[in-house]
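A, B and C are the chain letters, set down in written order, and residue numbers restart from 1 in every chain.
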Amino acid sequence: MFEKILANVKEKTPLVHSITNYVTVNDCANIILACGGSPIMADDIKEVEEITSICHALVINIGTLNERTINSMIKAGKKANEINHPVILDPVGAGASALRTDTVFRLLQKVKFSVIRGNISEVKTVYAGSGSTKGVDADEKDEVNENNIDEVINFAQELALKTGAVIAITGAVDIVADGEKAYIIKNGHPMMSKITGSGCMLTTVIGAYCGANYDHILDSTAAAVCAMGLCGELAFNKVAETKGGTSGFRTYLIDYMSKLDGELLNGGIKIESR
Amino acid sequence: MFEKILANVKEKTPLVHSITNYVTVNDCANIILACGGSPIMADDIKEVEEITSICHALVINIGTLNERTINSMIKAGKKANEINHPVILDPVGAGASALRTDTVFRLLQKVKFSVIRGNISEVKTVYAGSGSTKGVDADEKDEVNENNIDEVINFAQELALKTGAVIAITGAVDIVADGEKAYIIKNGHPMMSKITGSGCMLTTVIGAYCGANYDHILDSTAAAVCAMGLCGELAFNKVAETKGGTSGFRTYLIDYMSKLDGELLNGGIKIESR
Amino acid sequence: MFEKILANVKEKTPLVHSITNYVTVNDCANIILACGGSPIMADDIKEVEEITSICHALVINIGTLNERTINSMIKAGKKANEINHPVILDPVGAGASALRTDTVFRLLQKVKFSVIRGNISEVKTVYAGSGSTKGVDADEKDEVNENNIDEVINFAQELALKTGAVIAITGAVDIVADGEKAYIIKNGHPMMSKITGSGCMLTTVIGAYCGANYDHILDSTAAAVCAMGLCGELAFNKVAETKGGTSGFRTYLIDYMSKLDGELLNGGIKIESR
């Protein structure tokens, strides 16, 4: 169902400007290339406006934020808004420190986001300005499951209406919603939580997909979530087959993203809409 | 002999806060996950105390230190001391510049370390405030071998008494010692020195093991050293079998860490105590 | 033809000081080790002079430049000039922002470079202080091909005379030239542009090769360009054989660099001189 979205990415080679953390930045650059985009990382306040202007999307990830880069995030975000580029927020570890939580609030005040993607704990922090976060992973008691899924969808849609952004809550089950429509996505594999950067990489793929499909932010986000999850499943199969481990899994995950097309995605997506 | 230590890591999923270099940070995060912990990298002075408070161990690595992060290291270290979290020091390149040597001295004055891990040149710099260091690798003339091993053990134990830290000196032969007891470990493979980050990764694994075993710092450190060395041996075997090279070696090293358990470790450790 | 150059690298284990970006820094460190050198990354202004003094070459890469590291680049570059170490410039994204372009001009004024390596758009920016750059990739209309190759060689040689540096322009076809001689190199594979860091890694290999061969900067640069291209070809063959993707390609690329010797290189180079 997302063939056109993927085809646009391959055709347009969207440039994605990322202001991101130094932990997973290499994986993010590589997966942007793998999915058909082109990455640029630039965080000096003197160049972020210019760089974002020559790109098609901006990704802001607060994974290893500091005062210098926070100011660059705000400046780049405002510029991207001005020229109507999609801006994607990954509120890594929101709730784990006042600096992270406050930065998310500052960013939400100053920048209009097209998509916000996080685990349930992070997104709850985005919503409430409070909430328990176990470091950069989701708190277990927040986990999305069959019993609370309607509640989580309602929450996501409320936040979507409040912020104007598509909300992507990822975990064992993924929710992607705007104010009107919601997708439930069941692609993915638990081994994705055994490598660093699954979330960050997904956020940058969302950036690439949205950068090539400005008018279909909800579907582009859902397509990226499905794509990442499916690549995780395929990568796990290869790990099992080769008796590998988590680092091989990371390699295969990006490998599959580089080989994914609309047909392969179509054959493997597990999605329903509400 | 270290089954209980590994079991505690798997059970407790220790959160490890690292203030580290941007060269090997991704490998460090991935190997923390692979060994059963959960990584958080955060270096802004406004958040390091909060972040370290929600974690179980703090790793300080001076590989790409700068004035901003040095202050964060000290602040985080003091906080971790206050709440009795283990703090691990990796004095990367100590002796290679006055900044590195002076920073190690400042850190030793202000922070009490549970473990200090480095190559022999780095640890000699920690001890003496002098010494020749060939960049970030050990100087050849400092190499630990059968002829000087007793001398190195004495040196390690003296430094352990002086600092109150477990001292881990790693190289072709590894020494792990506190003031009373010393381990000689002969796991490992020379290819570990042909990738970047073998040392940094080991230090973070020590962080995870100590974070889940507060009361057994010496044995946790020795277990991590054995585990890393054994994974290096297994990784080399796989490189030889697949006719691979150093980058595949890195992948397999982390893969084996993700598959390691007490039984596998027990079958492969090469350790003696003095 | 480059056996002696490679042999010197293996024999001397040149230490390469890099002030570089945080996107590809890990790959750069690993490929320096793979090709026979030893990497040190250090960017604090208080230590860059000392660090560069204990090394054999300095690589300056502006991929994620900021005001703090720009000053360190200049200071390190001046010191390296003073002690006659080769200094290699990778002007990543020059032309994409005023900050990048201006920094390249500042660097060229203050530091004498031994080698400048970039894609054609970046090198044109170095030359002209203007030019269109599509982010960090070369602009398509600048592409080097059979029709404009003489023109590009002339341009490279003019820039070589102007700067005193060997100029390496890399793309589908690579040009390496000083004021007197030029090499045309046709090693390489298009998949090299589907991973991040192919260019950055090549620049650091040039650093290692020049660090072990001070008196043969042109040939060392050409050897590194051939070596990287050939490893790219071999890596692609392995990707095709294993039905892998771009992340496996990155692994194999570094693997082959770790296995490359003069004989293997000799058997695969595609080079002509003018």
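By definition in this document, a residue touches a chain if its C-beta (ideal position, glycine included) is under 8 Å from a C-beta of that chain, and two chains touch if they have at least 3 such contacts.
It should be emphasised that the depicted structure is a prediction, and the values quoted were computed from it without experimental measurement.
Q: Would you kindly state whether over half or under half of the residue numbers at the chain A/chain B interface are used by both copies, giving same or different?
A: Both copies touch with mostly different residues.
Q: If you fit chain A onto chain C using only Cα atoms, how far does it have to rotate, to the nearest 5°?
A: 120
Q: Could you work out how far the Cα centre of chain A sits from that of chain B, in whole Å?
A: 33
Q: Would you please write down the residue numbers of chain A that are in contact with two or more other chains?
A: In chain A, the residues touching two or more other chains are 22, 26, 250-251.
Q: Could you please specify the touching residues of chain C with respect to chain B in the complex?
A: 15, 22, 25-26, 29-30, 33-34, 38-44, 46-47, 50-51, 54-55, 68, 250-259
Q: What residues on chain A touch chain B, complex-wise?
A: Contacts found on chain A: 21-24, 26-27, 63-67, 93, 96-100, 134-137, 194-197, 244-248, 250-251.
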